[in-house]
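In the part that follows, the structures are each spelled out as structure tokens.
You will see chain A twice below: alongside chain B first, and alongside chain C after that.
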Partner chain A sequence: MIKIREVDLFENLKRKFDIRIENCPRMFLDKGNELNSVQKDMKCIVKREYSAFDEHLTDDTELKCDTELNHIKPDIYLLRVKKEDIRQILRYLKNSEEYFFERLDCMVCCDRKKDLEIMYLLQSDKYNVKCGIRVEIDKKENQIATVSDIFSNANLEEREIYDLFGIKFINHPDLKRIFMPEDFVGHPLRKDFIIQRLN
Partner chain B sequence: MEKILTDRMRINIGPQHPSTHGVMRMIVDLDGETVENVETVIGYLHRGMEKMAETSTYIQYLPIVDRIDYLSGFFCSYAYVNGIELLMDIEISEKSKYIRTITMELNRMASHLLWLGCFMMDLGASSPFFYTFIEREKILDIFENLTGNRMMYNYYTFGGVKRDIDKENLYAIKKFSDEFVFALKDLEELINYNPIFISRTKNLGILEKECAYAYSITGVNLRASGIKKDLRKDKPYLIYENIEFNVPISENKDVQARYILRIKELKESNKIVQQCIDWLLTNLNNKNIITDVKPLTLKPEGIAISEVESSRGLMQCIIYADGTLNPYRIKWRTPSFYNVQIINEISKGYLLSDLIAIFGSLDIIMPEVDR
Partner chain C sequence: MKIIMSSIEKLYKWSRLNSLWPLTYATSCCGIEMMSVSASNYDIARFGSEVFRGSPRQADLLIVAGTLTLKMSPILLRLYEQMAEPKYVIAMGACACSGGMYRNSSYSVVKGVDTIIPVDIYLPMCPPKPESLIDALIKLRKKLNDKNPGGRFV
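Presenting the complex of A and B:
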């Protein structure tokens, strides 16, 4: 019988940056399912059970509002990182051979009422896995560093988020509205945007 | 030869230009007739699809979804419906899986055929347009019989499909599929060896692998650069595991490679359709097409990332559901939005008339870009 190897996939990343793992797909060796080559390469046998993660998450229960959404389907890796580190982490995940997340699938922004959140969805074609990196942005501060020099397609993505949510991206080459007209007032996908009837 | 003196010029293409397939503006910097820089201006077709989701219930949003990409509405429908099914843990029946696959593949063929006609029109050949539209018309007739609509189908629903596919429909598809092989042969003979076509497409608009990765290009445009990446093979959804088909790739990276791959993909789709028909014809008595889920009171919770390999590339629908009747946030990742960004990269140094050919070869559709 094979023993469960307890290897933490993001061990190296954790040593370097302050990250919190929110979701990690469960894979077991001793359930009779042979690991395929992808999983062997990634060494992604999870350290703890889900309950342990839940415990970890209850640290900030008072922050929890009706839009604290944490269970994700299908199971992908989900990391919560600090916004100061985002450029370094993305560069690390893209370039290091350990991960090779070399494609930014998309950036999803969401207004969670108390703050704004951006999820960077990364895809590793080499290992065929997906990883979501979540960053919280304070509504008063309302800005984050651009990643358009790391992933080229982030250029238009960031313009879209600026247009619809009003987040400013520091050092973005061409930050202006993309969908709405230039003289438009407000950012339509914010929850406090009031829809007016245009007669 | 003496170097011809050229002037630098800035010209405007669009928003209303036949070759932009919708409303899109390109500001082109020219040196003589050579393209130096292209700036794309998008947003003329923005309809607020994502905002609309927040103000409607899950079932109310369903018919709108087809409008995101009106040439291949089944893919958008599937991405949305599948996201809700993931969140609610709904298992759909085997037969509805087959029906979804066959409709999606037929839709892929219709979309590619329209692309082929319009692309040839961009290059100045008008007769292939009519041949492709004859075939596309047959597919649309099949869809009309099956769903009641020709373009905005609204056919999938949470837990399955709305109507059963009957014997006449299946025979109509079978007839079309058998004849399509010959129709495609005619088309290929008409286009493939045409010297004008070859000289206008070969070694044009080279898209390198690194550039394709940096801009997150998916679908045929990525495969034409020599990267074998297809969601149907990498993470098989529906019944693609049980079906035999190839993913054609090409190393040529140019406009012609994209054309050839789309033709090959038409053949592969036709193969998939034929395998689905065989299964459906042997399971005519199976009436299990929908799982009852009470769609009016759906209250899913969590985040779903639903993916589908649409005719233009990887389409994702990301749903944030907070346990109420309305979606909290829906984000559409549409492939054309990414394809639009590489026009500047791959058209530098070519002539202005080649810009239209390069733009056409990417198969960009504007409602999908602007949403």
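Presenting the complex of A and C:
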């Protein structure tokens, strides 16, 4: 049957920073497929999670699933980190050889009424792993350090978040509006923004 | 003298109605319909409006095809002001007429182009079929023919 092996990918990171893992990917492998060494290291193959996922799983269906899912099904890791560490953590994840999260896919911002949340979505092309890093931002403080010198495409993403949510990015090279006109008042995707209605 | 002037006016009117050159201005899906109007199947050239000009100086007709956002509105106003008299405007599509589905809930869309520039013909649909754009053009021609709007060169 399937070899089950769980590796904590962020073991080293946990030792260095104060992070909390919120979600771990489920990956399924065909029993015929041999893993290469990198995949073995990066793996958490969880048949037990998969059976929890589907209650009606019998042995036969399991076999069927094994033959169908002969590729690694990627999912996403979610980490929650502290705001002060974000630059160090991103730099570490980008440069260290065990992760190689070299690409910042996008930045997601969300107004959760009590606070704001930014998620950095990272992609490791070498190991085919995705990772989302969540940061909470207090509404009174309303600012965070920029990462545009680490990932250069974060420049435009941060300008967009500043435009629509009003979060200030410290040390950003060119922080101004990108979608709305320059003389626009307010930040439209905030929950407390009031849309002018005509009728 | 009166007879000569009136016949010249008629000539001007006839020539103006049959050469309403639109400006190439399209911001969203209505622009696709406008393109198909100018293509061979519907063929707006039958009404003398097939010449989509790239410059506002050479255009007589501004077809505002598509959603007008807040950031685009000063550019549209400038294009309209750069057009030479006499100039006519067709607001094409629900967004250009009133804001359409963005009217009540959008922060970035202008609620109707008539808040910025005067509009002669409204054509509300989402998006209008090519036939209806031809219909709007014919209605505009009728309007010009009936009312004899004051152009500077008559």
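Everything that follows uses one rule, which is that the second predicted complex is superposed on the first by the 144 of 199 C-alpha atoms of A that agree within 3 Å, B and C clash if a C-alpha of one lies under 4 Å from a C-alpha of the other, contacts with A are read in each partner's own complex, and residues count from 1 in each chain.
Here, a residue touches a chain if its C-beta (ideal position, glycine included) is under 8 Å from a C-beta of that chain, and two chains touch if they have at least 3 such contacts.
Just so you know, these numbers come straight off a predicted model, no measurement behind them.
Q: According to the stated criteria, A:184 is in contact with first (chain B), second (chain C), both, or neither; which is it?
A: In the superposition, A:184 contacts chain C only.
Q: Of the two partner chains, chain B (first) and chain C (second), which one does A:155 touch, if any: first, second, both, or neither?
A: first
Q: I want to verify the contact counts: of chain B and chain C, which reaches more residues of chain A?
A: B
Q: Contacts for A:136 in the overlay, against chain B (first) and chain C (second): which applies, first, second, both or neither?
A: Neither: A:136 stays clear of chain B and chain C.
Q: Is A:115 touching the first partner chain B, the second partner chain C, both, or neither of them?
A: In the superposed model, A:115 contacts neither chain B nor chain C.
Q: Identify the partner contact of A:104: answer first if only chain B is touched, second if only chain C is, both if each is, neither if none is.
A: first
Q: One more residue to check, A:195. First (chain B), second (chain C), both or neither?
A: A:195 sits against chain B and chain C alike.
Q: I'd like to check the shared interface: which positions of chain A are touched by both chain B and chain C across the two complexes?
A: In chain A, positions 179-180, 188, 195 sit in both the chain B and chain C interfaces.
Q: Please output the residues of chain A touching chain B within their complex, sorted ascending.
A: Residues 66-67, 69-74, 76, 102-106, 108-111, 119, 121, 125, 128, 130, 132, 151-153, 155-156, 164, 177-180, 188-189, 195.
Q: Okay, in this complex, where on chain A does chain C touch?
A: 179-181, 184, 188, 193, 195, 197-199
Q: For a test of understanding, state which residues of chain C touch chain A in their complex under the given definition.
A: 70-71, 99, 103-108, 111
Q: Given the complex with chain A, which residues does chain B contribute to the contact?
A: 42-43, 46, 48, 50-51, 54-55, 86-87, 211, 213-216, 227, 229, 234-235, 301-305, 314, 316, 318, 320-323, 328-329, 331, 333, 337-338, 340-341, 370-371
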